[in-house]
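Here's a structure for you.
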Amino acid sequence: MRLEYPLILINFKSYREASGKKALELARTAQKVSRDTGLTIAVAPQLTDLHFVAANVEIPVFSQHVDDVSPGSYTGHVTLEAVKDAGAIGTMINHSERRVRADQVDVIVKRARELSLVTVVCTNTPEVTAAMAALGPDIVAIEPPELIGTGIPVSKAKPEVVTSSVELVRRINPAVKVLCGAGITTGEDVAAALRLGTVGVLLASGVVKAKDWEKAIRELVEPILKRA
Amino acid sequence: MRLEYPLILINFKSYREASGKKALELARTAQKVSRDTGLTIAVAPQLTDLHFVAANVEIPVFSQHVDDVSPGSYTGHVTLEAVKDAGAIGTMINHSERRVRADQVDVIVKRARELSLVTVVCTNTPEVTAAMAALGPDIVAIEPPELIGTGIPVSKAKPEVVTSSVELVRRINPAVKVLCGAGITTGEDVAAALRLGTVGVLLASGVVKAKDWEKAIRELVEPILKRA
Amino acid sequence: MRLEYPLILINFKSYREASGKKALELARTAQKVSRDTGLTIAVAPQLTDLHFVAANVEIPVFSQHVDDVSPGSYTGHVTLEAVKDAGAIGTMINHSERRVRADQVDVIVKRARELSLVTVVCTNTPEVTAAMAALGPDIVAIEPPELIGTGIPVSKAKPEVVTSSVELVRRINPAVKVLCGAGITTGEDVAAALRLGTVGVLLASGVVKAKDWEKAIRELVEPILKRA
Amino acid sequence: MRLEYPLILINFKSYREASGKKALELARTAQKVSRDTGLTIAVAPQLTDLHFVAANVEIPVFSQHVDDVSPGSYTGHVTLEAVKDAGAIGTMINHSERRVRADQVDVIVKRARELSLVTVVCTNTPEVTAAMAALGPDIVAIEPPELIGTGIPVSKAKPEVVTSSVELVRRINPAVKVLCGAGITTGEDVAAALRLGTVGVLLASGVVKAKDWEKAIRELVEPILKRA
């Protein structure tokens, strides 16, 4: 599956609102809006729901995390092969809530490439974004942790964090794409993220905690549709 | 779901032989033998396959690991609620390949009890078995790590580790059941484990790596059937 | 060095008030009060100051933490042998700010015994205290983390946590001694801890953050002197 | 203290040969050769010996590790302030035996700069070297872990790892200096490391495990002296 941009990536975190059967329900809602609008909307369900969700939708599905081990005697670990076998197209790594070490990101990015899996490496500062870009993942997602879950978008609170991240990535490894995360809840936030030079957004509570999932996702993608 | 003993618990680890669709295939094979024999055979598939497998079999399904966090902003973590929503009846924790801290076992055991989830806490020495029993899980599974994957059963190599574990658990917390792990591959190993005072076995490669899963599982349970 | 009870153990944490040369100053102040009163007052300076402090005082010195590795290729780790070579008489482990796993406590306790080093294992709940006692350390120090640094002593806020810990330890491993920590700042707190069946206290900010160290320590030990 | 190059940095790891009083003995031997030759020879003793050694020698002393926390309630942690108060001029971080996360390296490098402490960030591959250079430490030390302790110098076994690391660092952050580690035991290895564009070497067992420390260090620096 080839990933098209702009990309809206919805992280289900470990919210119970999107756990078990509701994970599939949310994924199918995202799929409905994606089909109606032609835009790429991807989901990252909880680890336990990964195969269950990926087996039942056709939009891109990501793992929220992966370990740096190959298949084998690794009870309780998540391998890239398991992610692939589950039907996901790739994986997030290094989210602020689940950081891994740089040498592990290096191993995971290299192995993911061999397995044709997409890597989305989360970062917190322009310097860390630059560092992670040097490891050559497909996507880096810059998310100042202090804004996560606040509803205050990074594009408003700290646009310079995004623009300097975009610049550093262009200089160090222009093949790497940049997503913008933290505090995203409205379509205007998404439009602002794209204006700052990113290819899309990573968000969680803005959708998962919304009362009406379809409405929340439609509002997110509207400004992109108008732009197109 | 009430768990009946003796219990055979098959840990899929992160073996690729039992990943993705093959996870369900192995779980269904276990289910077939369980139905034919009336014995409890439970499975612990990889995290990513948990919901997918649990949604499609009726034998007890366990998670291989769980984190000590409640549902919320915990990207890449496994909550007890996610395990429950996935349809599993409980979880392993503290496997030698994925140790957690004692205070985390304490939190997980207490929260699992509230959620009516079964906890299987892995241990390595009689002293650690005693310590984990003091935390009040449903089951402790003693597995000397140096024997894991060797095919040399602990019941032969170190029977005193099992018997002293059983004794310590009886003294400290007699409500806790003891499983025996590491090196189990034959029905004779299972029978020996039961003779040493345990309620069953935890095993992995002995089944997962077998060429003929059904044959391997049948051979495991045969001595128990004869005993009954 | 044989440890005598009651024991006052002052943890310097990583407070800058007791770092570098000031670590030795605080240790010498503790030594002065100890000599004047005949009571055992021990100190746990920061890792970096361990040898420097232990080489210059004669009161018992503890490490704040130790890793479960033997001397060798372990850059940045603290071995029991290094603790001993530094002149300390033992080590704290599993502090709420630096938890280790139960299997690591098991290894450390066993190795410390061989090296004649004293182990003080910190715990948070009666259940974890029971679990750690099962591993056979010299001392367990029960400290409800929510009270650490509050100035509200556990003996007042949650005396039942201390008494049930003392009872469980007596039942599981009566050779293990119990220290009481969290929120200790006054001599009355120390007296209360002893009345609840512990052999002394573990404290930090109550002394380290005091303007007059000597006065703070004298006030702590006064009720014990009267009792004697 | 200003650091002069070339630099020989001797990591004592947790070898017992260089623990306690012997740590100071080895540091004084390094100091003697440094004074005789005018070359910069720095030492990284065990954490517990840091203050003790730094207080008694005048050559540059490094910590083997530091945590990403500020002074405060962090029992068992090593702060940059403690490293400074102990008299060290800086710290190694991210050694293959004690990796930290990229966001932690970022925090530590920025805080160390404010405290005028020198940072030496260890790396394993050219990509990770590039990533760490993007975080702006003073020095990166490339050490292929598979060669550590083998006596096979990276300059012979994998010179391209060193040269491509040097190139990447020049492109991404030319202010960062490169040290070469792993398998260094002879003066010829040191000379080769300098020829490949590095400013010196990081080594451990080659000196610490030598029967005659002074002889081992003299042999290391000899080719540099001839070159000068």
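Order as written gives the chain letters A, B, C and D; numbering starts at 1 within each chain.
Note that a residue touches a chain if its C-beta (ideal position, glycine included) is under 8 Å from a C-beta of that chain, and two chains touch if they have at least 3 such contacts.
Given the structure is predicted, the values throughout are model-derived calculations rather than measurements.
The mean-CA centres of chain A and chain C are about 45 angstrom from one another, to the nearest whole unit.
Once the centre of each chain is set as its mean CA position, chain A and chain B turn out to be 33 Å apart.
Multi-chain contact residues, meaning those touching two or more other chains, occur in chain C at positions 96.
If you sketch which chains touch which, the chains form one closed loop in which each chain touches exactly two neighbours.
Contact between chains, using the touch rule, shows up for A-B, A-D, B-C, C-D. Residues of chain D touching chain A in their complex: 94, 96, 99-103, 105-106, 123-125, 127-128, 130-136, 168, 172. The touching residues of chain B, counted against chain A in their complex, run 11, 13-16, 19-23, 46-52, 55, 63-65, 69, 71-79, 81-88, 92, 95-98, 148-149, 204-205.
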